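Next come the structures, one after another.
Shared between the two complexes below is chain A, which has chain B as its partner in the first and chain C in the second.
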Partner chain A sequence: MKDNLLDIENVTVKYKVKNGNLFFNRYNDFKAIDRVSFTLAPSETLGLVGESGCGKSSLARAIVKLVRLESGKVTWLGKDWTLSQKNEDSQFKENIQLVFQDPLASLNPRMTVSEIISEPLENYRRELTSLQKKELVKQAMETVGLSSSMINRYPHEFSGGQCQRIGIARAIILKPKLIICDEPVSALDVSIQAQVINLLKDLQRRFNIALLFISHDLSVVKHISDRVMVLYLGRVMEIASVNDLFSNPTHPYSKALLSAIPIPDPISERQRKRDNLVGDAPSPIFPPSGCVFRTRCRNSTNICSIKEPEEKKIKLGHRVACHHVSY
Partner chain B sequence: MEFFKIFSQSSERNSKSLNSFKDVEERSLWSTAIQRLILNRAAFVSALLIIFLAFICFVGPYFLSWSYDEIDWDLIEATPPNINNGHYLGTDSLGRDLLARILQGGQVSFQVGLLATMVAVIIGVTVGSLAGFLGGWIDQVLMRIVDILYVIPLMFFIIILMVIFGRNFYLMFIAIGFVEWLTMSRIVRGQTMALRHREFIDSARVSGSSNTRIILKHIIPNILGVVIVYVTLTIPQVILLESFLSFLGLGVQPPMTSWGALISEGAREMEITPRTLIVPALFLSTALFSFNFLGDGLRDALDPRDR
Partner chain C sequence: MSRLFEIKNLSVIFDTADGTIRAVNNISLNVNQGECLAIVGESGSGKSQTFLTAMGLLADNGRSSGIINLNGSNLLEMKRKELNKLRGNRIAMIFQDPMTALTPHMKVGEQIREVLVHHQGAGKKDSYKIIKKMFERVNIPEPDKRMQMYPHELSGGLRQRVMIAMALICKPDVIIADEPTTALDVTVQAQIMDLLKEVKTEIGAAIILITHDLGVVAGIADRVAVMYAGSVVESGDVFEIFYNTKHPYTLGLLSCSLSLDKKIDFLEAIKGQPPNPNKLPNGCAFNPRCNKVKAICKEKEPKLKFRQQSHLSACHFEFGVK
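Presenting the complex of A and B:
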């Protein structure tokens, strides 16, 4: 366990939803993330997939402490950081950086690129002179494929892909050990997506960065990840290596997800068998009893509504939370 | 030799700029803003006008042969302008030199307009951004204080201040500033709350920025546009409020005067001598126009997006 970069154990994130009338405030709790556990090894890529609202972003935000953990434990390099003190925090925080979904919205419109990228330096490398900082910023810009002559421009002067590169430059400038990518390419068009994904892969190889890659695009996840975790309503459905999951999906939800990947060939696209899910995901405020997926699962039986399935290990590094999966 | 040196330097610079034609030199928010303000003709002319008006108001009285409180006993009624006796804009109904009074009134109006607004901006932006950004009970406490202060009638508040601290010229700035910050803090709070959940604030936090840094570097530059527009609306309001207070005897006292007080005096005599109304009104409206144009220009200049 000590070699792991990040250990997440039973992490739960709760939000409050106002559900009152004019005179009374009533709040409903809902668990965006419910007892999620996983580990991340150095320079490994974990893909995180699931449909909208299943808690992918909440998990990312919980890890970097943008959202308070309700319970659970986050262990970084063998040390518990859940209740850490402020001054210890910096070692943890400067090693985990986040790349955001919307490239332009994650950059302050009133700051130049140089100010944006050097912001982590201003907070964690105060001892550097402004000249050294500028040099580091230029290096980071060259690394992500931006011309360093654009250093004094403002974010709105860049295209979406370039903005995402700025975001990546800001994330790598402290040489972190883990970058969490919160749907970094979903706002970009396909040709730019490929560039950004390859850039991330390339950076990972060069600097030995671990990636937690969140996406709803399975083909992207397949391309970049070593392991994949499937989330549904804030719970882990299946976690497996890329090959295991894509060749042998075990959980009914994973099967349905994989069958929804479009095939870029009209003939085989028309012929293939789809495993369509019926309806929408139930409200996370009032999740179904037992297995949360049972309302849309074709295999569901009595036990599914009574008992919550535990994660079963069907293979080394392949865990599934389903009653109907046998070893 | 010297010539060649310069020549080679400039050619070097030329080739450099050709190589990296996208190169943009380093610029801070304010230095670009000033550059762009100069390019905005209306704003630039307004800025010059304000500087000019302020200059003649503060320096002009030293060059006049009459002071603002001196009565020319020979011309005890309002007399028309005359270059020979030194009353370049004539006298008012008490025989005092109108130009000298306008300049002295300008001093008061400028001071009130700028200082009181500054007090309002400083308190309003601080309270508003803290309440909006931190939220929770801090927001509740600060906004309830604002609510309570809103309820207190302005006159009542100022009279109480005068009773406690005695009549003081500078007390008026504080009193007016203290009233004007309420609306400012509400506006800033609303803007801050809208910004608080933007992604770049989250990204600043992941980059390790403290709350103070986020407010100073991310929130305030982004609400500056709204603040400046509100400032340009507040300055005229404050100048008029001051004339109202002076009219009630709570502001500046005769023989001192202000533009607002001059106008209300002039309005009483406008059927007989419209000059005593029109001339100070011209000064005041020129200044207010200029402040509005300058504020508009500043807001545009500070927004890097519409360059």
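Presenting the complex of A and C:
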């Protein structure tokens, strides 16, 4: 497929966790990501949702090679990135930038805003003079709604929302093709959250950036995404366009997630019938056999504990991994 | 009839190196039995400080003035010993992060037993039975086993249930829940909110829910108080607040909170950011961010006024928008 920006095929990420006693070191493998596949088209937004521990962030890290892939393939613009050598990496990395969850922790406290935002330039645009760099930094700051007079301040002088804007300015300064946003708004207040979401949407339109938007908040994901992927314990449960997923959620987990989101409207919130999941998500180190969701699923039957469901295509661009979905 | 829990003209001031900070500014609130009051506001609006003061947990550099009445007696004037008889017994608190609120080196069963022994002088066998029953009540599976566990062995949802069990164990009159679900996943949040609703009807306790999530408020609250920069800017019945909003800040919060049932292209965000509490703007604290600001807003601080029966709003103007 030539048109896709990013092709992820059967990506698996494994971590080792220590599980020994005083005398023996034993390690358990656990799969944070298990055979996940998806594609991302240019200037598209894919929302990635799931509860904590479902592997959302691991997937983001795997894409930018911050963690090693156990198996699988990441293809960027038709080229296999997993095989590329270190010296070729810069071409890919230049085009993929990250925005992190904790705005203050992701900025170096001993660097000024101008140093933080121009750091990508130091790595990838060495030919520019310092004056040109400064000009670009100022432009980027204005683009994200920060006054360029604040260029010599330090991160602690800014509020959470402003720090997140600095993080975004750093991400857009190289004019990347893809920005991976790892829970960019969950640490912010509601009113600031709305500002940052508006900013991301606006930047995406202006610069044709694709977004991989990771969040646990489905209402944010609904607002910003074109397509949504639902993860549970490192497996894809459902992937569909925003309209399909929210009007016709097919996987029992997606249904439960949707019904758990509170609606800020007293009348409809109180009339709504909830079908709450029981219990917590099981430990990813010892996932249930067969379908990983079966321990919390209402519809689970014998087959669910024996066989892992395969992803079924129920319509174009809508895949579901459940035994009890007919197509 | 005297109110069950009442805050009158409470102010909280902190002395810091940067000068004095007015965290809470002359606020008045009350809750009746069996009622749920939601306190909504952004970080720094003073919502947590108000109730930490009520629990006697104010930091050393903080000073408070005003009255906080529980069943007619003022909590702020009490000696530590008297307060200790009430805390955990008649008034209990559920904290945001159960991992830091529970003692890490004590089994959770032991921690709850401590409360029982202190307030009711219960014996070992009795308290075991009471705790087991309470664990079953808050839907903790295998209560016998869980009581012997340490907080780190439990999942976030279970830890929060332990916290709720601990708060409920003496059947308090007032439960203060400070962002009880913010640290939890949505599916677990829904379970915990259902549990709180059941508790409210079952033991008839008053619940004060501190939160920033308007969705959570919509599901459980009877009345709502919206706080901004240390003051209550609007308060009233939950339906009034949501459908007959009077204050521009509340309106802004409502229009920028995302919902599954509406699809809008561009969110109407509130511009700017919450003010720094040690240099609040002149006049109305919300005026630099308000989109309906007039000259008077920059000069005079608006008073909380009745707009309708039991609906108060602190704005110079009557915005009956919506």
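Note that the second predicted complex is superposed on the first by the 327 of 327 C-alpha atoms of A that agree within 3 Å, B and C clash if a C-alpha of one lies under 4 Å from a C-alpha of the other, contacts with A are read in each partner's own complex, and residues count from 1 in each chain.
Keep this in mind: a residue touches a chain if its C-beta (ideal position, glycine included) is under 8 Å from a C-beta of that chain, and two chains touch if they have at least 3 such contacts.
The structure presented is a predicted model; accordingly, all values stated were derived computationally and were not measured.
A.B. asks: Touch test for A:A210: chain B only (first), chain C only (second), both, or neither?
C.D. replies: Touch partners of A:A210: none, neither chain B nor chain C.
A.B. asks: Can you tell me whether chain B or chain C touches more residues on chain A?
C.D. replies: C
A.B. asks: After lining up the shared chain so the two structures overlap, which partner does A:A321 touch, if you call chain B first and chain C second: first, second, both or neither?
C.D. replies: In the superposed model, A:A321 contacts neither chain B nor chain C.
A.B. asks: Counting only touches as set out at the top, which of chain B and chain C does A:I263 meet: first, second, both, neither?
C.D. replies: In the superposition, A:I263 touches chain C alone.
A.B. asks: Return first, second, both or neither, reflecting whether A:Q193 touches chain B, chain C, both chains, or no partner chain.
C.D. replies: second
A.B. asks: Touching A:L6 in the superposition: chain B (first), chain C (second), both, neither?
C.D. replies: So A:L6 meets neither chain B nor chain C here.
A.B. asks: Once the shared chain is lined up, is A:E51 touching chain B (first), chain C (second), both, or neither of them?
C.D. replies: So A:E51 only meets chain C here.
A.B. asks: Examine A:M141 and indicate which partner it touches, taking first as chain B and second as chain C; both and neither are also allowed.
C.D. replies: neither
A.B. asks: Would you check which partner chain A:Q162 touches, where first means chain B only, second means chain C only, and both and neither mean what they say?
C.D. replies: A:Q162: touches chain C, not chain B.
A.B. asks: Any idea which chain A residues touch chain B in the complex?
C.D. replies: So the residues of chain A touching chain B come out as 61, 64, 66, 90, 93-94, 96-98, 100-102, 105-112, 114, 119-120, 122-124, 147, 149-154, 156, 167, 170.
A.B. asks: Under the definition above, what is the set of chain A residues touching chain C in their complex?
C.D. replies: Residue positions touching the partner: 51-52, 159, 161-162, 189-195, 197-198, 201, 216-220, 222-223, 246, 256-270, 274, 276-281.
A.B. asks: In their complex, what parts of chain C are in touch with chain A?
C.D. replies: My answer: residues 42-43, 141, 155-158, 185-191, 193-194, 212-219, 238-239, 242-243, 252-254, 256-261, 263-264, 266-271, 273-274.
A.B. asks: Mind listing the chain B positions that touch chain A in their complex?
C.D. replies: Spelled out, the residues of chain B in touch with chain A are 20, 22-27, 29, 198-200, 202-210, 213, 217-218, 221-222, 224, 304-305.
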